[in-house]
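Across the two complexes that follow, subunit A remains constant while its partner is subunit B and subsequently subunit C.
Let's look at the complex of A and B:
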């Protein structure tokens, strides 16, 4: 069985901001997108006991695709892009 | 070797019409079953759409019938209703049906787990912090409200058909969005209680999935009740307007608005598929989980049944699929769902029931048909009850084999079963025409329609 770790909104937000920075997205817009996305994920996850990392990436992608296609692409292909 | 506590023969996700029935059948066949439910035990048909709605509609339709008693010499001048009592009646009906209770499942030896199921792998399902495993899994998660794209929904308190059950009194005015089966039922329910009702539908008629004649009769019935029908109208936004709501809709290319106390969305549902299906390798789309004719998903040990696989939403369809799914789960997958003869009903007054192909379906497929429409006034029952709003329509192929029917009449839900059986058995119009029917009852209409076709 794979190891589990607790979900952290703060960690997810930081990850999104880091990915946004790598794409040279303006800081204030990255912050807005990250806040919106983390709120969306928090709502999605609140009554689910255990989820996978792939689930989180998929949910983040679904939210980000309305906001920034490039950032959404990273989450759709996380673990596949070298 | 002793079995792990959370290891089962079968996990069923959802305790509604499909899931609940499947779990009971599988447990009856000696399987160790886990049943997971995220909301209320018994699902939609026991807690929301089926039993409670039927109980409420029974009360209000009685009110309408009683109001017409004066022409038969029955005084109805002091006719009134008590809403808390109507509500209480609904609760009694739900309690008797076992709504919200897992007792029937536990009595059958089923392990009931409350929580939201989420696939962690193809043999593993997580619920809360527990992981359950099973050799086979049945997904029966039902459906959820469809995203309408109406602006301003998050700022306005709108109702859904489920929230009717929580009302403590009917509103003064209400706007019903959608005139499908549920929308029409709800619109008439409130109108019968004295609420001023407006109903909007994008299509050109009420009950757009039924044939045109059905929409016309219902339009007449609604006009008599004072329901304002807005066909070819699309609701685009909702806004707060002090204590009321403002509904903005497009009609005839123009934007119009109306101030209303309550808005109820009856715009349909979409399969509930957000449970980590990707983790199990299960294919699905906007129309639901993809299954083969044996109700197997893309993972052969995982099955799905009910609203989550798409198609018309009905308890009857869900139960039919549950029987096939369990047969395939318990034995080798061989059983196939046979939908022929599956009826549809709208519990308005008069009832609307249909089965098989509609005329519109046949026109779309360029299928040559024969049809007949017989108005209610043709038979004695219409004369003795003074009820004329409705008809029986039967459709056959060119060889006069019955392929579909629509009935708008009192007890249409019972009358349609004869045609449903005829379709299932591949009968011809002459088979029905040659069968004696009770002349003084509504069923005589079916014989007359069949005679005209044969």
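Let's look at the complex of A and C:
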């Protein structure tokens, strides 16, 4: 059986900020992008009972690609490097 | 002439070893995860430790291969074993061309999922130099299905050299095997980010696949020509 865990806005925001820091994106801009993206995901997830991590990564990618292509690329390819 | 052939086999095996992609993928993961959490100097230390781990295990595995050949096969692999090795090298060339990478626009490898997940998770939680070193060692072990035959043929050639030069050649093999990791580490340090490198890897996936496969094939044919047919 696959493991399940509750969705956390704070954890997602932290993840986006961590990824942004790794790409040397300015802190203030990273914060703005993270807030926008998390708000979008929160709205998207509201009506859904169960989603997969891949679903969330896809939604985050779609939202981020308008804001920062490199950061969006990370979410498109999460778990696909090895 | 025979020393030249032995050195050529060692260098060729090391180049093929260097063309494998697991270490590089793992280095990128580690760099990305660490750079998001730590200051730059800590990330550099972790990546340095990771590369040391990969280098140390490559050195030790080749030294072990030499020891095993020296004690179990009376100092040299027989013609029959070398012939089998050539068969395996050709099979690995085919594996490289058709199966090493998964399909799609990623650099996912045909690793068992459990191994890929383990390395992924370890890269995420690596916070100390010891953990980074052991991640490098783990990566070396995870590549064993591909490198064991390279280590055997390289070890066999190392034993054909003057004993004074044998440790030197083992070190030389190790240096060549970790050159891509060192080069990519320098590229990242000089301002390129992980995404740029990953995009480059995806764009050149076919090229990398062909080069790796040709490397295995060339090594097999080289051993066939100079060890089996004894063209020298």
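Simple rule for what comes next: the second predicted complex is superposed on the first by the 81 of 82 C-alpha atoms of A that agree within 3 Å, B and C clash if a C-alpha of one lies under 4 Å from a C-alpha of the other, contacts with A are read in each partner's own complex, and residues count from 1 in each chain.
Heads up, the rule we're going with is that a contact is a pair of C-beta atoms (placed from the backbone, for glycine too) under 8 Å apart; a residue touches a chain by one contact, two chains touch by 3 or more.
Remember, it's a predicted structure, so these values are computed and weren't measured experimentally.
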Does the subunit A-based superposition show subunit B and subunit C clashing or fitting?
fit
Applying the touch criterion given at the start, work out whether A:73 contacts subunit B, subunit C, both or neither, answering first, second, both or neither.
second
Which holds for A:8: it touches subunit B only (first), subunit C only (second), both, or neither?
neither
Residues of subunit A touched, compared between subunit B and subunit C (which is higher)
C
Could you say whether A:23 touches subunit B, subunit C, both of them, or neither, answering first, second, both or neither?
second
Using the superposition on chain A described above, determine whether A:47 touches subunit B (first), subunit C (second), both, or neither.
first
Three-chain overlay, vertex subunit A: subunit B-subunit C angle, C-alpha, nearest 10 degrees
120
Which of subunit B and subunit C A:32 touches, first, second, both or neither:
neither
Please state the minimum Cα-Cα separation between subunit B and subunit C in the superposed model, rounded to the nearest whole Å.
14
Quick check on the complex: what are the subunit C residues that touch subunit A?
22, 25-26, 28-29, 31-37, 104, 106-109, 111, 116, 119-120, 193-196, 198-199
Within their complex, subunit B touches subunit A through residues 38, 115-116, 118, 120, 126-131, 276, 278-279
Listed in rising order, subunit A residues that touch subunit C in their complex are 17-24, 70, 73-74, 77, 79-82
Subunit A residues touching subunit B in their complex are 47-52, 54-55, 58
